[in-house]
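Labels for the chains are A, B, C and D, by order of writing; each one numbers its residues from 1.
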């Protein structure tokens, strides 16, 4: 089977190398399909419980390499496969306008395939070195994908920013693995288990933290998120979808895997993850609201959703720590399910953003508007995505958030004072996230798709704006409908997926003795209720809609301009803008955010053209990235005199080196002697 | 055989230098290539054999000799292309070839020498030949570079000589007067520590000029900048390895004595300073060749860290040297094609290389990944092992500092390389960009792939040789 | 089932009572109690006008808004009798379903591309966002107090028996009343009878709705009021038998309506810029409730 | 007697450090050559005659006569100005040289090794550091060359100290001497002299990174 696969892979690569640029995409699509088939063929049985495991001979520096796909890996592999498939189908048509850049496209599709394979490898290898290698392969291929439009300066800048930060993440992972390897002398993942059993719990926690930081950078937890809002917007839309759909999820996978492997103090870990996640969630959405670049807005929402997933994991860990089975179950289930959900609706949203970009060639939502007339499909899909990401019933987002809420409320009953306070904060955080998300997506959807077109090209009030905008081709919409369909399915029949999740969650609970006499909530059963409730809800809506139709049949239906409170000349200029929509919020949140204004006051009776821009900035980025870079440059400037071209100085270095090596020990000795003397006084 | 090799090489040098005929020169070059390879094979065949009393083919020597040969054949090939393209005057051509042959010969001899004085002599020879190579362009800057290189190297050689004198002083207590490493190892317990200390200090300082470490790294940068790229490849790969051998063989002696710890501290200081200097200038320089040179300094710093950390670090250091030699030379070879496209060394005037020469661009990309030791590359393994050694030796803070510096270096390196690869240069007319023959990059691909292969999946024998070469340090 | 019926009945006269109270307190006779219902009925019979800017969102939004509230009502229990739907954590469902309705009403307002309706929309979005934490924490503290996470479980076992629990009850009532005010956009958050679009919140959002849609929206408002009234009532009638419970229910609804009327006639609307603070203060109050619950459970030791 | 010569050698160092004119340096180098000749003659009793003769020839011919003449020729050829143009006033450099000598004496004092007479060590080390200091503190390139030659002499003294046990080292020293001087002076004569007239280092500081 392996040979067959590698043969196909090889032929695909050669095909991409030499095919003409229109067919490259087709090859990539089929290759992704093949990969998904092969991996799914292994993963599906693994998900329902029969693990797949093989041991490869490996090489001298690595030792034996064991490949193992358990339920957890299987879940992630399937999630990855789905989004990669939708991504490649969408991307194939999305890339049509770029058909002239042949080499560029070749690199693009090759990296796409490499990314897919490396992601699957990451989910399945059990050997530190191979893991690191596939990890960096993933990072590099993702980088190549992001910088597709590399001739744009800021694209390259964002790409390099991403590359360096993922390298930092790999450094942290390396430290962790070295720690294990030094103590146990093996690179296999089982060594980590062994390690955490023989070492004190403290060591285990430290180890976990090192790994956590490493994975958190990839996953985009605040404050390690700074690469994310830059990398996602500059990438081609299907890549943005994949980046925030699956690539950052790999970080989540890593964290979960480490929770599985490291036998540390779960409660502490849980608290840490919980805090970081709540902060990430709130911070992400708080910044998302003030973004006026559609893709950047979505990028910040990825941070928010990572936060939600993290809350789930944190709850799960605390559940393990406090031997509260239901809590653990709900937490991890919620986290895993939300991983799937987010990969679905976030890729969907990014694809829609891509459609918008291709038809209007701008991402600044202040220039958009009224697109629902030209692009009804895109609008509808975006609406579905928005509802889902806000966690509104009857869509999938609600299910996972409901599970996490369940976990938190379940924690309520087994908690002591301190943790009760934390419970309240978690609830507050989650609710705030939800509310802000609604605020944000009402803004995004309505400004982009509703009202009139704001772009200067069509400033006149007519609703059919410039006309250049048009709906995308079928093959570009099809993958989006795939995602949407799956989302609705999850929303309506969650229990199906919960049953699929039983095995992965069981892995976490395997080696914990749970406390049976804790109050058990029927939250899981209630999901079965939600099945038919949401179905009923939809039916009810349809019923009311039907009634409305019936009633309105016999009525006079007129169409008039919008009621302008007496001013009957509606123009795109007088519409509410995104900026004004969030103005109150911005004023409230000013201390937390940092927005630079660039405005010119209006004066005179007949004022000339004025403008008013706001540039939202990320304070954490400023503190963690910009300022240190400036500092580095400053320190650098102190030392550039070294290579100053003067021969004598060069020789002086030699003298100084020799002299100091001779003298300094003498000085130190004498100093010590004096010290001793003083001590003996 | 060594005798024949040396004699033959010297003969070839003289002949090349003497005649002005292009054909004969090329023939002689090919001859030398053959001689070099035959010599290498022979040395592998009589493992641990000794020729002329002063040349022992021990494992480290063999490893480096093979590396040298692997690097030098493409180096000769590229020099040939280079010289032909610049239609040099016969005189400068023959000087160049003679010098490069002499360089290769003396380096190989120095690898195999088992006597500290012999190493020293051949080090002098390398300075001589290298200076001829650096001065190849015969302009003011080249002259300045040469002058500095020669002067610094002369001083360093003097340092080494003083070191040797001190060594003999420390040896004189034991009654024997044989300065061969074997004897030193044997007598290591009776050596006078005071003289030994001074000896190590001076020898170390002296060889840093070749190895490219603080304090004497300075002239080396100018040399690699000014020498033609194929020669630069040798200077920044094989020559550095020679400097390493000079220090390492003596370090093995020190390691047997109570001074081991002290020596480690000295090496630590020098290595960390080197990485720091590399960081400072990697973020600063715009001259691509100098950038490569500084990255070599960084790598040498890592290697010495591995040595000082001990344990698995010894193994890692040797591995890192070999892989670095392969990668860095391919980078320098690639630089020539880059220069032919843009006619400039400065990052500012170079860009969007991907468009003009995709094959070369991919070489540059892979070489970048290797030079920054990102995982798929071979150097990742060695660097990982070095970090592990540091961790094992409980030099955690050193490790963290180094990681920080390396991150900055990678950032700077990435910024420049991707600028070169992707960002278009404003006002660069690509009307008369020469069409680069992709087959010229073949050797570079070969070297890079070799680096990856040796790193990720080294053959048994290779690993055994490295283990063998550091066996004396496992105490 | 029972709760549904009762809420429907209550919604019929609730708004009427408010209007009546206001007119009486301002010395007028005022319209009949069922006037609002009649208005809705009239609207149902009218044709409608749509802005040419709008899209299908504008058409479907009132329907979704209505159905979301209806769905929420199904969840609400009546004292010790379950609502039609009841499951653990149903109050989460309750809140999110309402949020769905809110989402649609907001985007429908934005759909008209008007300069005023956007104003209302953004305010609505912000206020309801701020109101939600209060509700969740309130429910959380009740869940902690009673050990149940469903409306039915909470209300059927909620027992206010000690001074501190009385205090809790009062605070809870206050919070719920205020949330109701916000959700229905009445005083002191919003003035339904104002004449200046700039100062409206909810009214301005439905400027362009007419006919059946407007009717739907209005009736939704009535239902919402009755629904919150029921929630408040449930705080007190938990362990009463139906015989007493139903009168108590109607009494509480009545008192609620009257108090709303009185508030509206004797109070001025807050400045828009003050609203967020005020709303967020609710969350603080509910945090107080939470601490009170901790006291009751003796967690402070 | 050896000690006397060596002390004279050190005095020459002090003299170099205060000398103003380049020609003086040349003279000093020649003088050092003669001194070394004497020291060699008296020190290396035990090695075989041929080698001794060779070494003596090297010192007398190369160190004492050839190189100084060559330098003189260079100075005239490139008509280099006669002042040495130090960066540091002579008095200060005199102090520094003295300090160097004192420090080396102290260092030598700490040696616990009977089979070396300290004076060689002192002379060698102080010469080395004085030479380095000399290079670092003078402006003209030719003075660098001279500094280097002074260092060579110091090293040669040191090699004499162990010469009896290991004559090979002395030969190596000679080799280094010839090689380096030839190389450096060669470059100097052929190139630098032609390319830049009357060089001082500022003209040779264009290869830099800032």
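FYI, contacts are C-beta pairs under 8 Å (C-beta built on N, C-alpha and C of every residue); 3 or more make two chains touch, one makes a residue touch a chain.
Keep in mind that what you see is a predicted model, and the values were worked out from it rather than measured.
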Return the chain whose centre of C-alpha atoms lies at maximal distance from the corresponding centre of chain A.
D
Distance between chain B and chain C based on Cα centroids, please, to the nearest Å.
79
So what's the Cα centroid distance for chain A and chain C, whole Å?
36
Report, in whole Å, the distance between the mean C-alpha point of chain B and the mean C-alpha point of chain D.
31
Centre to centre, by mean C-alpha position, how many angstrom separate chain A and chain D?
69
Which positions in chain C are in touch with at least two other chains?
none
So which bits of chain D are touching at least two other chains?
132, 144, 204-207, 209-210
Return the residues of chain A touching two or more other chains; collapse runs of consecutive numbers into ranges.
640, 643, 647, 651, 654, 662
How do the chains pair up in terms of touching? List each pair.
A-B, A-C, A-D, B-D
Residues of chain D defined as touching chain B within the complex
110-113, 115-116, 124, 128, 132, 141, 144, 148, 151-152, 155, 158-159, 161-162, 165-166, 168-169, 172-173, 175-176, 179-180, 183-184, 187, 191-192, 195-196, 204-207, 209-210
What part of chain A is in contact with chain C in the complex they form?
369-370, 372-373, 376, 379, 383, 387, 390-393, 398, 402, 405-406, 409-410, 412-413, 416-417, 420, 423-424, 427-428, 431-432, 434-436, 438-439, 441-443, 445-447, 450-452, 463, 519, 521-523, 525-526, 529-530, 533, 537, 540-541, 544-545, 548, 551-552, 555-565, 570, 572, 574-576, 580-585, 587-588
Parts of chain D lying in touch with chain A, wherever the complex brings them together:
107, 129, 132-133, 135-137, 144, 201, 204-210
Residue ranges of chain A in contact with chain B within the complex
59-62, 103-104, 129, 132-133, 135-137, 140, 147, 150-151, 153, 156, 159-160, 163-164, 167-168, 170-171, 174-175, 178-179, 181-182, 632-633, 636, 639-640, 642-643, 647, 650-651, 653-654, 656-658, 661-662, 665
Could you list, by residue number, the parts of chain B that touch chain A in their complex?
147-148, 151-152, 155-156, 159, 198, 201-202, 205, 214-216, 218-219, 221, 262, 266, 269-270, 276-277, 279-281, 283-284, 352, 354-355, 358, 369, 372, 374-376, 380-381, 384-385, 387-388, 391-392, 403, 407-408, 410-411, 414-415, 418-419, 421-424, 455-458, 460, 463
